[in-house]
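Listed next: structures, encoded as structure tokens.
After this come two complexes, each holding subunit A, first together with subunit B and then together with subunit C.
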Partner chain A sequence: MLERIYIEATRSSPHVECDPASLVLRFVGESYPENTFQFYRPLIAWLDRALAEEADQTVTLDVALSYLNTGSIKSMMDMLDRLDEAHQDGRPVMVLWRCDAENERIVELAQELLEDLSLPHEIRTE
Partner chain B sequence: MHQTDMLALRDIFVRCGIVLGFNGPFSQSVIEELGEAIRRHLESREQASKRISDVFAVYIEMTQNIRHYAETAALDELEREALNAGTVLIAVEEDGYSLMAGNLVRNEHVERLTERLERIRPMDAEALKKAYRDRLRAPLEEDATGAGLGFLQMARKSARPLEYSLSPAGEAHSFFSLSVHI
Partner chain C sequence: MSERDNTTAMRVAALLEKVAALDGELAREVDWLVGRYRRSERNLDKISRMSDRMQARILELNDRLRAASLTDPLTGLCNRRGALDALAACIGGDLSKGGACMLALIDIDHFKTVNDTHGHDAGDQVLVHFAARLKAALRPQDIAARWGGEEFLAMLPNCPPDEALGLVEGLLQGLRNQPVMTQAGLLNVTASSGIARIVVGETSHEAALARADTALYAAKRSGRDRCMVAPD
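Our next item is the complex of A and B:
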């Protein structure tokens, strides 16, 4: 049974919601927490479980992060790789990255991370 | 501290164009506060959003590197405090910003540090991008605190090859400083 995750944002870590009903993982804010891998570990674990369950329901990663330290970039890449693998196995997934049009670096980052992946995705500038 | 010390220090600050300097222990909270100060300062004087993003990113990588290093390399609490006490300087130069960070490292780590930086320094943009992407996809080590991407990211954002220096600082340590120009 997938539980709901709800983490409030801090100055250096994002707002996170993982919804077992919609299978959406949402990130909002900035990401440079003190122990970055520790922060992302349970979220990656949640993603793994979501991908293993409900094979017909789309798992969605909805990212609205304006800055990521390299540990967060690595963690995000990890999640994207897992989603891509699931996609290649025929499982429905979706990645949406919301960017501020004025933040050129985040648009570039999103493009770079998604570059070699085959999964359905959208980089939305708002 | 005497007035003459302050004047001497101020002369250096003015001569080097230093707009922010910090010397002390890096807690996550200090890193955040200084980071905000840097961003606000840059926003007030700088139009290019890319440059502001890059200065902030390099600053975070530098300071979190110091913190991670202090946590993992120190053999005891006293040493952890010494290793966690870093120096960060940001200077305005004609064509951009100069970020410098320095901290103590244990002598046995000097060789590996030097190797890594010497491997990165001669890389051009293509080579840096490839090295960064390879590292990004590589599996993490068991107890990794960082992704090993920090230096590569700094080098990609830097207008010049990374500059660094190492000088002896006591029996078991050296002072390592890194300079990035954005």
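Our next item is the complex of A and C:
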């Protein structure tokens, strides 16, 4: 059974929600936690389990991060690769990246991360 | 591509050729593995590029931060720290080439009264206007700094003493002739100044500054609104 994950934001790490009902994995805030890979490991594991279950329900990655350190970028890449593979296997997935229109750097980052992928995605400037 | 990357690519290609002739499932497995490997390489390249951009941005922000730390936010002139840097450079540079560096301390007369009578906003406007006039009176190679509350320092590298005196007196005369516009109306402002030369052989600015300060004090004592030159 997939569990619910709820992590409150800190100064250096994002608010995280993993919802087993909607299969949405949500990030809000800034991401430069002290042990970045340690922070993301259980979340990537959750994503793996979500992709393995409920083959008909869309798994969604919803990212509203305004800053990512390098480790966070790598972790995002790992999650996007998994979603892309699942998509190529015929599994429904969705990536939504929410950007502040005035934050050029994050818009650029989102575009770069998503450019080689075949999965359905949206960069939404707000 | 490097020698090593080239070799790897060649070996991957050779392996794929052999695999194509092999059993279907094995071929698929190799295909999958190669796909993962290629994706990994692509991600590494991307991350390197992003990291380079981040580092360039950090360097740029550092430069801006450094410049801001040396600038007086009200007048836009160097602040005291910036002035000290410039003084050290002046001593290190010009004097070793045999030039004369002149220092002028300029203090606005009765500034406290301006603040008390017309308010601090008007006082700030006087400082801003004065700073602009000081900059305009100096040569391009000279440095103007806000040394204290209402005290300014001008550094004139490679400047004959007569010329320095002329420049400062021109500034003071300009003040006499043209009152400063503030939100409290036109204010008559004057300033006093002490000028000193950094003597060849001096290893620090302190002695010359002390001489300029003494001359400034003498100018104040003898009636203000004038410039006095310290003997070497």
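Simple rule for what comes next: the second predicted complex is superposed on the first by the 126 of 126 C-alpha atoms of A that agree within 3 Å, B and C clash if a C-alpha of one lies under 4 Å from a C-alpha of the other, contacts with A are read in each partner's own complex, and residues count from 1 in each chain.
Just so we're on the same page, contacts are C-beta pairs under 8 Å (C-beta built on N, C-alpha and C of every residue); 3 or more make two chains touch, one makes a residue touch a chain.
The structure presented is a predicted model; accordingly, all values stated were derived computationally and were not measured.
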Put subunit B and subunit C onto subunit A via the superposition and say whether they clash or fit.
clash
Given the touch rule stated above, what does A:34 touch, subunit B (first), subunit C (second), both, or neither?
first
Per-residue contact with subunit A, leading partner among subunit C and subunit B:
B
Between subunit B and subunit C, whom does A:56 touch in the aligned arrangement: first, second, both, or neither?
neither
Kindly classify A:104 by the partners it touches after superposition: subunit B alone (first), subunit C alone (second), both, or neither?
first
In the superposed arrangement, which partner chain does A:126 touch: subunit B (first), subunit C (second), both, or neither?
neither
Regarding the shared-chain residue A:8, is it in contact with subunit B (first), subunit C (second), both, or neither?
neither
Could you tell me if A:73 is touching subunit B, subunit C, both of them or neither one (first, second, both, neither)?
both
Considering only the touch criterion stated at the top, classify A:81 as touching first (subunit B), second (subunit C), both, or neither.
both
Quick check on the output: what are the common subunit A residues between the subunit B footprint and the subunit C footprint?
70, 73-74, 77, 81, 105, 112
The residues of subunit B that touch subunit A in their complex are 28, 31-32, 36, 49-50, 53-54, 56-57, 60-61, 64, 67, 133, 136-137, 140, 144-147, 149-150, 153
Residue numbers on subunit A that touch subunit B, as the complex places them
11-12, 32-35, 37, 67, 69-71, 73-74, 77, 81, 102-106, 112
For subunit A, which residues count as touching subunit C in their complex?
70, 73-74, 77, 81, 105, 109, 112-113, 116
Under the touch definition given earlier, write down the residues of subunit C that touch subunit A in their complex.
39, 42-43, 46-47, 50-51, 54, 57
